[in-house]
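Per-chain residue numbering starts at 1, and chain names A, B and C are given in the order in which the chains are listed.
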Amino acid sequence: MTAILECKHLTHYYGKRKIYEDLNFEVPRGRILGLLGKNGTGKTTTINILSGYLKPRAGECRIFGENIQTMSPAMRRNIGLLLEGHVQYQFMTITQIEKFYSAFYPGQWRREAYYELMDKLKVAPGQIISRMSNGQRSQVALGLILAQNPELLILDDFSLGLDPGYRRLFSDYLRDYARAEGKTVFLTSHIIQDMERLIDDCIIMDYGRILTQQPVRRLLDTVRRYTCHVPDDYEPQLPADEFYHPSVLRGVMETCSFLEPADAERRLTELRVPFTRLESEKINLEDAFIGLTGKY
Amino acid sequence: MTRLSRFFLYFILVVLAVWQLPWCYAFLTVKAAPQRFVMYSSLLGDFLLTGYEEGIGLTRHDTQGRSYTEQEVDSLLPMFYMRQLVADERFPDSLFGQPVSPREVQQTSFNFRMRPSAVNAPASGIYFLLESRPKRVELQMPDDAFRFTDEGVEFIVMETNTLDAGKSTRFTEALLAKGFRFPPRRVAGNPTTMKEYDNGYLLLDADGRLFHFKRVAGQPYVKALPLPEGVEARHVFVTEFRDHKLLGFLVDSRHRLHVVRADGSIAETGIPAYDPERDDFTIFGNQFDWTVRVASPGMTHYYALRADDYSLLKTFDMPVDGGEIPGLSFTSPYDQYVRPRF
Amino acid sequence: MLKAILYKEWIKLRWYALLAVLVTTGVAAYCLLRMDRAVTLRGAGHIWEVMVLKNAIFIDYLQFVPLLAGVLTALVQFMPEMQRKCLKLTLHLPCSQQRMVFTMLAAGVLVLVACFAVNVLVMLAYLTTVLPAGLTLNILSAAAPWYLAGLAGYLLTAWVCLEPTWRVRVAGLLVGALVVRVYFLSAVPHAYDSFLPWLAVFTLALSLLSWLSVTRFKAGRQD
């Protein structure tokens, strides 16, 4: 599998505030990769760097092997960009916007893909986008990306402002399209449930670093939530790379770990944790995310 | 492109700084320059300087530093302070052995001012030729305007904005008949009714020759005024003073000032230099003497001339504190154009 | 592609362009109407006299109208681009970003020039009936720097509008105000004549500033 997108040694600061330092990751061809992180961990920063609208303090990002900062216009042809909030030219109607974009993508523009989606929207062709609901706008933005038919799609928080129906519609439509056409997708969302149905791989970011990057299936297979009883006054002091964000509430300790149940129990014993009744359970992506990044 | 853009932004910032900072500095540190009024007194044989000095008040003295009272100054400048002297019943019967009367003073006194900004001004090329011998006493603006072309002079009836072909031909032919060559280099006149009479225009033709051009009883009046040997006219000004002695002034290529007398003869004055494009020029004249002020950048010259032969009586120079900070400006007190200059 | 860029700018500008033509021409027509009243009441001769002797131009009301038209054109054109960073979409299109930016600016300039041309034609249509060519030229020569100021106002506003940070925007406004002053230093006919060609070149060069803003936008500059 070749990487369609790779970022090396990314470092960025806003003023003196460090966002991250020496961040490395790559996105293999044909995969849908979700970037998960709490607010302020640099999701938007990363998307901005990837879409060429932020120059990192150090490091570089390459898409199709070309540096984003100096990318040729022709390369952008194969990158579909969805801005946060499905922003599109608000002053255009759905016909005008299609006419506008199609001129930039001769030979690859799939008009019917756009109109197939638009037909479901029940909006008049002459209605301008600013008068549409968030959900309808998201369909316009999606339709335009589908019509553009790019190799790589970069989507910034696609679920923002959408009600559950449209979120589901959006993610299902996108997944089917990407799977069927072998497209590579890099996306963020603040609603993890949507991601679980959609993404193949995930990158979980913590402040200043990447916590883990792996296929979602493998993550959900290996990560477990452990609960056990401990004395009320117990203050957990566990190695952060084995047990994530342990917390004690009314004599019950909760923590997340990639360790197998047997290994976890052995380690807790080795660490002289006064525990009883250790239980483990498989969890969904949202719980895994919270478990790995903490509630605070 | 980015580099060029950045360079252009810096260029703008530098230009704005060089333009605005000296102006701000001058604005903040501005000091009222002491103003002096200088007049030549033939009775004293010297200039009298009247001015205001911080902490002292009004001062009146001559170039030697001798002080005078207000009454003394009035009597030393009887032509200028005629009204005051008449009111005080101190106006003399005769001066320099010549009988004088207030009426005569009024008839023969004049002042003339020419600013460089009026000389260095864009012209519309449209002029008005008044009837110089009107049937009524008051002057009247004509119904037409005229302009010069390469071939002649054109009169346009203003109400209809149409050419008066007949009049144009008549006036063109009159000019051509006197050897005038179109188009003129300079056209000088005072097309206004706020004057006692009309002297028409002084023209410098394409070859630099001087002509007097006016309208008399509806007909063209053209007279070639031969210039003295070696005089190359640059600027002409028409005057309409009450004593009818002059047609106007002429400045030549060597910045010498000449008077053009009513009979068309030309006489050089004793003023060493006057550059109309640079100097602010004022004359206070009376039947005995003229006080001429030529304010050049950095130095104001005062000249006293005899009124009969325009010879130089006395000179007095006063340096002017320029106080100008070098910088860029777009406008200038010396002209009415907008263009960058340092 | 060029057509598509102009198409988008046209969608943004078309109603405003109509309004700008109507309002600027309206003000010009109002000036001419006042002039015509003066002609009726006091005779054409009076108009000619004050024009020659007092440098009157009769279109003083028009002075800041082109500037306003220019500033509004830039706002109408670039506010939607800056709204929720729509400009990202524009710059992401597979077209040279420089070409994109300068074509957009050219579209605005074109709209303004067309609008000003209508003004001038209306003025010419009336003025040539009551004034000789010399005096008509007086009026147009006085208005020329004002119209140029309209273009300058447009390009400077575009620069400020496209700039991503408020700090630089405020500085840009100050610089812009000073630059615009240069166009209003004299209302004397023909005062700008020799300077006008240079001023025109300078005015067009102001478009370079917008590119600076775009590079700053691309670098993700923030307050």
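The rule is short, and it goes like this: contacts are C-beta pairs under 8 Å (C-beta built on N, C-alpha and C of every residue); 3 or more make two chains touch, one makes a residue touch a chain.
Just so we're clear, the structure is a prediction, and the values are computed from it rather than from any experiment.
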Please find the two chains that have the most C-beta pairs touching each other. B-C
Most centrally placed chain - per-chain CA mean versus overall CA mean: C
Between chain B and chain C, centroid-to-centroid distance (C-alpha), Å: 40
Chain centres from averaged Cα atoms put chain A and chain B apart, in whole Å, by 82
Inter-chain centre distance, chain A versus chain C - centres from mean C-alpha coordinates, in Å: 46
Chain A partner contacts - residues on chain C that touch it in the complex: 1, 3-4, 7-8, 11-12, 80, 83-86, 88-89, 91-97, 217-220, 222
Chain C partner, complex, touching residues on chain B are 1-2, 4-6, 8-9, 12-13, 16, 19-20, 121-122, 124-128, 141-143, 145, 147, 156, 158-161, 191-192, 330-331, 336-340
Which part of chain A faces chain C closely enough to touch in the complex? 14, 48-49, 51-55, 73-77, 79, 81, 83, 85, 87-92, 96, 99-101, 103-105
Chain C to chain B touching residues, read off their complex: 43-45, 48-49, 51-53, 98, 129-132, 134-135, 137-138, 141, 145, 175, 178-179, 182, 185-186, 188-195, 205, 208-209, 211-212, 215
